[in-house]
Amino acid sequence: MILNDILGRDVMDSNGERLGEVSDVRFALDAAPAQLLSRARMVGIVVSPRTATSFLGYERQDLSQPWPVAQLLRWRHRGSFLVLWEDIAVMGPDGVRLRSEFTAYESTLPR
Amino acid sequence: MSKAKPIPAQDIKPAPRPAGLVLDAQLHLLDRQILDVDGVPVTTVDDVELSGPAPDEPIPEGAEAPHITGLLTGPVLGTRIFGGRPPSSRFIRIPWDMVAGVDTVVSLGVRANSLDASWVERWMRDQVIAKIPGGRHDPE
Amino acid sequence: MKRLLGVALGILTAIGGFVDIGDLVTNAVVGSRFGLSLAWVVVVGVVGICLFANMSGRVAAVSGRATFEVIRERMGPRAGLANLTASFLINLMTVTAEIGGIALALQLASGVSYMLWVPFALIAVWLVIWRVKFSIMENVTGLVGLSLVVFAVALFLLKPDWGSLASQALNPSIPSGEGSGVYWYYAIALFGAAMTPYEVFFFSSGAVEERWKVKDLVQSRVNVLLGFPLGGFLSLAIAACAAVVLLPAGISVTTLSQVALPVIQAGGQLALAVLILGVVAATFGAALETTLSSGYTLAQFFGWSWGKFRRPAEAARFHVAMIVVLLAGVAVLATGVDPILVTEYSVVFSAIALPLTYLPILIVANDPQYMGKHVNGRAVNIVALIYLVIILVASVAAIPLMIATGAGA
Amino acid sequence: MTRIGKFLAAILTALIFLGGMLSGCAQSPSTDALKGPAKEAASAVRTASLAVDLRLQERATAAAGTTTADDMLKGMQSATDELESFGAKTQEEQSLRDSMLACFSTISRSLIHARDALAAPTSTPDGGKNLAGSVQLPAVQGELRTATEQLDELMTKAGIQ
């Protein structure tokens, strides 16, 4: 599986209702160190209800400059959320379907 | 395209914080420059390969989370721009084991010349540039 | 003392390096048709290029990332490729125009047709790119290009009516006999000539070539903030010379030989010699910069190894790309197309591509991951945003105006 | 943001200008189609005139002078081509075009003379006049002036300023 297979695909809940698109895939380097760097474990996907073009990540970072570009992009991505790997039932070029009891988390990046 | 069903704001919970460095692929990895151990540019991160899951097949509950197996370059760039998907035999891989750090650039722990990703550069050097006088000398 | 010398050298090269064939021709055309009534555009353009060149230099010095790496990383591969295609074509046009400019200046010196000088110019440009160190290349062309000051000297020798020149510049009005569409078309061309995107590609990559660090920022800012406005002053002198001599004589500039006439009238053969030296140096320097820029943009988009600080063998694709660009430029000239015409189109197309280049720079200059504590200040952001609006409007208006006015005919 | 206002105004004026050009064509096709080549020719002949003046004052070099004359000849060639492609509909237009073409060829001829005269050295080391150079330059200057006047007259007649 490569990232291009899922980025920008539709995200559905277990009833097949569309929730948005995959705008990014989150990883964490929290495993035991491998050769040089720890393994990058997939944490989950960031779902944007409007557009998949994660434009510049303003929605996830604490950036407010340059005004009003930052505000505009943040507004365009309002309602983005993170879904953890555990809550993903299927993913691939046909889209992503979530499990019935999935939890939506804030997509903001930890600082 | 149908309008997405919104999630009510109060249902969006604060995310658990992983212990290590957190990377959003699109934001921190894709399209970044890759430098080798000496700081020589090798290529860009054109795509990222995961260890799983099988595409479009149900993921069993409790399955282990996939991890990044390698950074891809070469023809995959074309498919990211124009669509489609090259056969995985045509991927040029840089295994994640060689990655030494991810910042505004992705740095590798090996030399560029040892990588498949730099074959075009080597070919151009040996077939074209090295044959022009002065090609192997420092500028004066 | 040595440090002061370094600063002085930087400023002088910035002045000499500011003017290229696009500025030379566009300013003379405008001066001969509109007097100084478009001088305000030069001022607007110079402030803009100072702002964004400084910003791209700061990004490069702090993060070590040149502009096109940033464009690809921030805009993704699709928008990045669109930008690359546009920038590359404009670079190619500009390379063509600059090589043509070198050849035209040599024709003016020798009387031998410029077509015969083109291969000579091509080889000279390529040899410098292949073999000469970056700092030497920059300093020599910049310093010799400074002889374009002859336009300012000529203006004084012509003893113009300063009051009338000032009132043309300060109370701009469209001269009778010229339509307002043509006026605005040339406004965009002048703006594009002053803010050509290759300048920021070159400036930011040059910062990487010369290994600028944060401590070099003050000097780079001084270079830009003094050098570019003085370069802009040269542009105005070119326009003023044309306004004083050619406009009253009923001559509208279409060739480089006409650009030289006011200087010849003011200073005779000596001034002409200095002028030719300046034009050759300026166009030669710009040919180097645009050729390198096309290599930089391609290499940075695809992540190839690049830079003149490396041996050609260590940046093979970068050098192959530049050889291809130079040959393509000469192939265009070989069709017999008028280099001046190529120049006029290249500055207008530059104006069209401006937003694609300047928006990503502005955004990255605000990103703490790249910039740490050196992110843009609020005042810089406000001015930059005003400029983005101007740039956007100019870029949208360029094509319709070009069609409506028959490219300023 | 008056600057933006100005730009918007520019777009509007451009559109109006385009419309004006189209309607202008319908009213007096002769003037507008002739305007471009006529202006180009006027600029070319005046440029040559200035170059000859500067050469007479020994300010311009022979190389710069001939380059200028050569460039102007090329300009005349394209102006002539443009004028020839102009399809005259009425008798009046036809006669205007023909006299302008005749004038253009006069200008081109004098430009060739100018180029030859400019190419010659102006003075010999002993300070005496060179036969080919300075003797010819004033004559060429007269020729260029006459051609300029002729063209100006035609342009006034056609209503081109």
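Brief remarks on what is shown
Order as written gives the chain letters A, B, C and D; numbering starts at 1 within each chain.
In this section, a contact is a pair of C-beta atoms (placed from the backbone, for glycine too) under 8 Å apart; a residue touches a chain by one contact, two chains touch by 3 or more.
None of these values were measured; they are calculated from a predicted model.
When each chain is reduced to the average of its Cα atoms, D sits farthest from subunit B.
Centroid to centroid, with C-alpha atoms defining each point, subunit B and subunit C lie 35 Å apart.
Rounded to whole angstrom units, the spacing between the C-alpha centres of subunit C and subunit D is 30. Mean C-alpha positions place subunit A and subunit C at a centre distance of 42 Å. Mean C-alpha positions place subunit B and subunit D at a centre distance of 61 Å. Those residues of subunit B in touch with two or more other chains are numbered 26, 30, 80. If touching chains are joined by edges, the resulting network of the protein chains shown has some other shape, matching none of path, cycle, star or complete graph.
This structure has the following touching chain pairs: A-B, A-C, B-C, C-D. By the touch rule above, subunit C contacts subunit B in their complex via residues 63-65, 69, 72-73, 76-78, 80-81, 130-134, 136, 299-306, 308-309, 311-314, 316-317, 319-320, 369-370.
Residues 1, 3-4, 7-8, 10-11, 13-15, 17-18, 21, 36, 39-40, 42-43, 46-47, 50-51, 54, 57-64, 66-68, 70-72, 75, 119, 161 of subunit D touch subunit C in their complex.
Residues 1-7, 9, 11-27, 29-30, 47-50, 52-59, 61-62, 65-68, 72, 76, 79-80, 85, 91, 96-102, 109 of subunit B touch subunit A in their complex.
Residues of subunit C that touch subunit D in their complex: 44, 107-111, 113, 176-177, 179-181, 184, 187, 245, 249-252, 254-258, 260-261, 264-265, 267-269, 272, 386, 389-390, 393-394, 396-397, 400-401, 403-405, 409.
Contacts from subunit B toward subunit C in the complex involve residues 26, 30-34, 40-44, 46, 73, 77, 80-81, 103-105, 112, 120-122, 124-125, 128-130, 132, 134-140.
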